[in-house]
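Order of writing sets the chain letters: A, B, C and D. Residues in each chain are counted from 1.
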Amino acid sequence: MARISLSNELKPYTGGATRLALDVASVRQLFEVLGEQYPDLCPYLETGIAVAIDGEIYQDALLQPIRGDSDVLLFTKIAGG
Amino acid sequence: MSTMVKYEEKPLKVVGTRPIRPDGVDKVTGRARFAADYSLPGQLIGKVLRSPHAHARLKSIDTSAALALPGVKAVVTRDDFADMASEFAASGELTINFRDVTRNMMAREKVFYDGHPVAAVAATSESIARAALKLIKVEYEVLPHVIDVVEAMKADAPILHEQQFTDGVTPKPDKPSNIAKRMVFARGDLEAGFKQADLIIEHEFNTKPVHQGYIEPQACLASYSEDGQVELWTGTQGHFVFRAQCAKVLQMDTGKLRVTPTELGGGFGGKNNIYGEPLAIALSRKSQRPVKMVMTREEVFRATGPTSGANVKVKIGCTKDGRIVAAEAELNFQAGAFAGSSVGMACPCTFTRYDIDNVRVVGHDVTVNRPKVAAYRAPGAPIIVFGVESVIDELAKALAIDPIEFRLKNAAKEGTQTYYGPKLGPIGYIETLTKAKAHPHYRAPLGPNQGRGVATGFWFNIGMETSSRLNVNEDGTVTLIMGTVDVAGGSRASMAMMVAEEFGIAYDRVRPVIGDTNALGFNFITAGSRGTFAGGMAAVLSAREAIGKLRQRVAQIREVALEDVLWKDGVAQPAPGGAKQFAPMTLAEIARMAGKTGGSISGQSEINAQGAGPGFCTHIVDVEVDKQTGAVKILRYTIVQDVGKAIHPAYVEGQMQGAAVQGIGWSLNEEYFYGADGVLQNPGFLDYRVPVASDVPFIDTVIVEVPNPNHPYGVRGCGEVSIIPPIAAISNAINNAVGIRLRNQPMSPPAVLKALGEAASGKTKS
Amino acid sequence: MNELRYEAPKTLKAALALLAGANGSARMLAGGTDLVIQMRSGRIEPELLLDLKSIPEMMTIVSKNGGYRFGAAVSCMDLIEHEAFAKAWPGVIDGIKLIGSIQVKARASVGGNLCNASPAADSVPALIAAGARVSILGPNGKREVPVEEIPIGPGKTSLAPGEIVVSILLPKRPAHSGDAYLRFTPRTEMDIAVVGAGVNLTLDGRGKCRQARVCLGAVADRALLVPEAAAALIGTKVDAAALERLAAAASAACRPIDDKRGTREFRIKVAGVMARRAAELALTRARGN
Amino acid sequence: MAKHRVSATVNGDAVEFLCETQQTLLDVLRDELHLTGTKEGCGTGDCGACSVTVEGRLMCSCLMLGVEAAGKSIQTIEGMAQGEALHPLQRKFLEHAALQCGVCTPGFLIAARSLLERNPDPSEEEVRYGLAGNLCRCTGYHKIVEAVLDAAREMRGA
């Protein structure tokens, strides 16, 4: 199971949960599971979340594979000027 | 799948040189075409009627007299656009809400700021269009307004949006608020951290909104044809995003809208958003004539995005040997009329230059009766870094530690855990600090009333969706079609240089052009310093695909195995130790035969680029303060910045210098003035004071190159980070010159003189 | 829509006639650097533009009895480049040089700067300090008044309907005279004066100040002649104590407003500073003459 | 609406155009004569992007009416290069990377040429003050000043 952490600013949408272990093989699967578990998180999963898998940051990368032993972190997406 | 391309160190022939940009000659001869330079036969001129009120209910709009004026061909108001539900945009990837987008381009129930569009007309001449605006009768019910962020956050403030409840708060609030969102970023145990501190310094800082100040006002030309196909020429940082947004708000098929990005006369984040474009298309649809719209400078100031004004609080604790143990900040950012300021970007930038175990950053996104803010170069970061780097300076001074040394003791490096998410990869922050410390500027003598200040910056940089296509022409020249707009920094030159390097041919054999929305797949806006990073990655991959095809073609022509064909210096040649020798073929020779050997050769790539390397910089500035007038003169300025790899060093320096001078303007004299009626008092370049040439010295640049491991040439973004430190650096320098500590921007002569007066009379705030 | 007419009369007489026929809907056009902006922004909507630049009297600089008379529509650049005039009245030139950019000065005129009646107009305090007068022509003939009598408030002048400011006259200067104008702006260039100070003084043979005029700009609803500030200099060697009294008198005379260009408090303080610095420069120039 | 019929010389060519009274020289150059190299940045004389010379004198074309151009000789950016040969200032702007977005560039080039005609050997400070009527938001002016100083050096034959 991959170790999933949610960055602090996402707490209000998960009822305070920040750490879980999930059996998911891709970012898409991760988002699906999270969306079912935390409906308030859905709008952010759609547009506002970046993912770091084992330290590398991915934005808008639904097909990025997640391994069974991966550390995955969800945090706010980054934009710029 | 997302894409990263690993950095390989190799000898370079083109990358790192300083050739002339492909758009250069056109720009020095007046031939370059910007949006306002386009015209079509039979075109009409579009003009916008704007609200004179900061906040009012829009009771009625009567356009009949305007429509009756000879020469007026169309008028549009809120009735011509569909309402949009609250929906955060998936198209374009900006987190924008279409309910707000449609209301910002044309007011519906209410006007939210002085300058908010209320109606638009298209007429056969500009003077007729202007006359028509005066004939539109609008009935307003003026409402109380709120301009200041702190005022807007109060419980009894006039509420802009009755349906806006603060997001990010539990339990969910039951009363509407101007606070659109609250966000908290944290790690460690803040209380425990501050308990370890020997010294804690805490202050509040305030900044005014400032405008990007691009010299080219927004302009566009739209042509709607009877079959529903639309062409749009516009100055934009992202034509695909403009297409997506226009199609959505006009409820038309994306495929029917072709957007051609013109030369862009400066953007800096301010040309990420649609303004007149959907109005021009709607007017063209109604009149069946092309419609051209060009904003005046006054319209630019009244109605397009500045960056946020803000109120921020910073508290930092450190041990007596200068190790930061806890840091806390509150960021209250004006979003303007609709939610969505850069506070979400500013929060993670607040302390990320430092390795701190205990951090808490709280951000508020606050709506006020001003134009909706837009991105401005490292959006939000300069505002909060002003506070943080000022407090850091005070801590260092209190402990009698050299300010660069203090930063080195706490500097983030590879592996540092950030409080907003990931650990940092390889970065060059420490290198910028050590090079700044060793720079002759740092030791140069200073005269009376002169002082030196230091500050540093961090910016993420981004990758995102990017596509490009590369055609090998019949004579072996290469045309590179890119989807990332060259927002003036010279990314076209950089891309061509990387492609030339890949092929092993001369720079001038590669012609880079920007493709319109019909030429390529979706590209994100050029923002987040992604142009040369992501666009470069796509261009390199396109080149590599084409080179693969060229080798394949030679293998077929020479009847050898593919692996026996080596591509080097623009020539397909036998691989050393290969099975079979053959006569080498140049790119030109292969290209000439291409038609008879299977058709032309091209390469393309559509990627979602990942692995952008964060950028760091350290600035040193010397100032002189006129104690009698409060005037601050910038005497000397040095930037040390890690850019990963400077593909075109002169254009990289240009980014650093331009950003720093924007930061100098922000620091000293740029601000918005509002009257008690909520009307902007200085919507022009006379009283919105951007620096002129005689206000600034030469800006010295030191380029540091710590390669980004996720880009084939090691590129990080370089366009934004150097706008971050100037406000703090200048404030720190003023403190060292005359002993006053300024915590409000701008540090204009009246503010400086007032602080000097207070200091002299002993009334100084700690 | 009313049509905007344009006329460029060749004589003052023709100009007066056109003006009389326009019933107050005419605007005079010299450099146009204020007028064109006001028209484009819709703040004014004249029906007739009267271009004065084809009238010889409005466009010439002449030396007369040791003084100077220059047409109200002469461009700032023409005055700046008139070497003899610039040498005679360096303080007036200081003010003229600060009217906008080089581009703007190629068009802008002193007559326009005066008649636009901005309290911050840069040429006006210097002209008032210099004791300049204006020659006015109107339906009732010709009159001549001191410059300080023209502006009466922001955007308002004492000119009667149908009157034209034809030329500006500067008197002959006694020996050992010097003048200077300095202003404060947030930027080094391109700004409107937050405070301006013009000082004109004459020394006697032993270096004592025997005559002085001090005028401040942007600190009241019009340029302010400050006799108390001048009195602080007269009879002194313009030493540190006199300059201190001058600064105090200048600050005391201010009645400024708070606006986007500066605070009240700031203007009062800096008026003294600018007056002192202008007096120092005028003194240096007087000693050189 | 009755229009004025105006004859003038632009970049050495005789031109004739029709304009309304309120149309500025800038409007006329861009919309009537289709010389779009001269840019509008502010319309109030504060940015210099519309700089041209009229009778050899540097001006903001946004502050002059088209009708006032009658009989005048006007030089715009389109007339700066001589055939294929760029003016030394144009070359130096390219070599020194003195332009980015390019909207201010025509105005800067016209203003710089005018400056060097009056002062062939300016100091850095004189260049900065001489070009203070032209705003640039991209470059921070550094490379523009370098390019003008270098062009002056070359034009003096130094």
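Methods note: a contact is a pair of C-beta atoms (placed from the backbone, for glycine too) under 8 Å apart; a residue touches a chain by one contact, two chains touch by 3 or more.
Please read these numbers as outputs of a predicted model, since none were measured by experiment.
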Which of B-C and B-D has more C-beta pairs touching across its chains: B-D
Whole-Å separation of chain centres (CA-atom averages), subunit A against subunit D: 55
Subunit B-subunit C separation of Cα centroids, rounded to whole Å: 44
Distance from subunit D to subunit B - Cα centre to Cα centre, in angstrom: 29
Where subunit A and subunit C are represented by their mean Cα positions, the distance between them in whole Å: 68
Of all residues in subunit B, the ones touching two or more other chains: 127, 212, 268, 685-686, 691-692, 694
Shared interface positions of subunit C, touching two or more other chains: 1, 188-190
Arrangement of touching chains [line / ring / star / complete / other]: other
Residues on subunit D engaged by subunit B in the complex (per definition of touch): 1, 20, 22, 27, 30, 34-44, 46-47, 49, 76-78, 80-81, 86, 90, 93-97, 99-106, 109, 124-125, 127-129, 131-146
Residue ranges of subunit C touching subunit D (in the complex, touch as defined): 1, 3-6, 29, 31-33, 36-37, 39-40, 49, 51, 53, 77, 100-104, 106-107, 188-190
List of subunit D residues in touch with subunit C within their complex: 1-2, 4, 20-22, 24, 43-46, 48, 51, 54, 57-60, 62-65, 67-68, 111, 114-115, 129-130, 132-134
Subunit A partner contacts - residues on subunit B that touch it in the complex: 1-2, 4, 88-90, 93-95, 167-170, 183-187, 212, 268-269, 272, 344-345, 347-348, 375-379, 419-423, 425, 459-465, 527-530, 608, 610-612, 710, 717, 720
Contacting residues of subunit B [partner subunit D, same complex]: 18, 20-21, 23-34, 36-37, 39, 125-127, 212-217, 263-266, 268, 294, 296-297, 487-490, 650-651, 653-654, 657-662, 684-686, 690-694, 696, 698-699
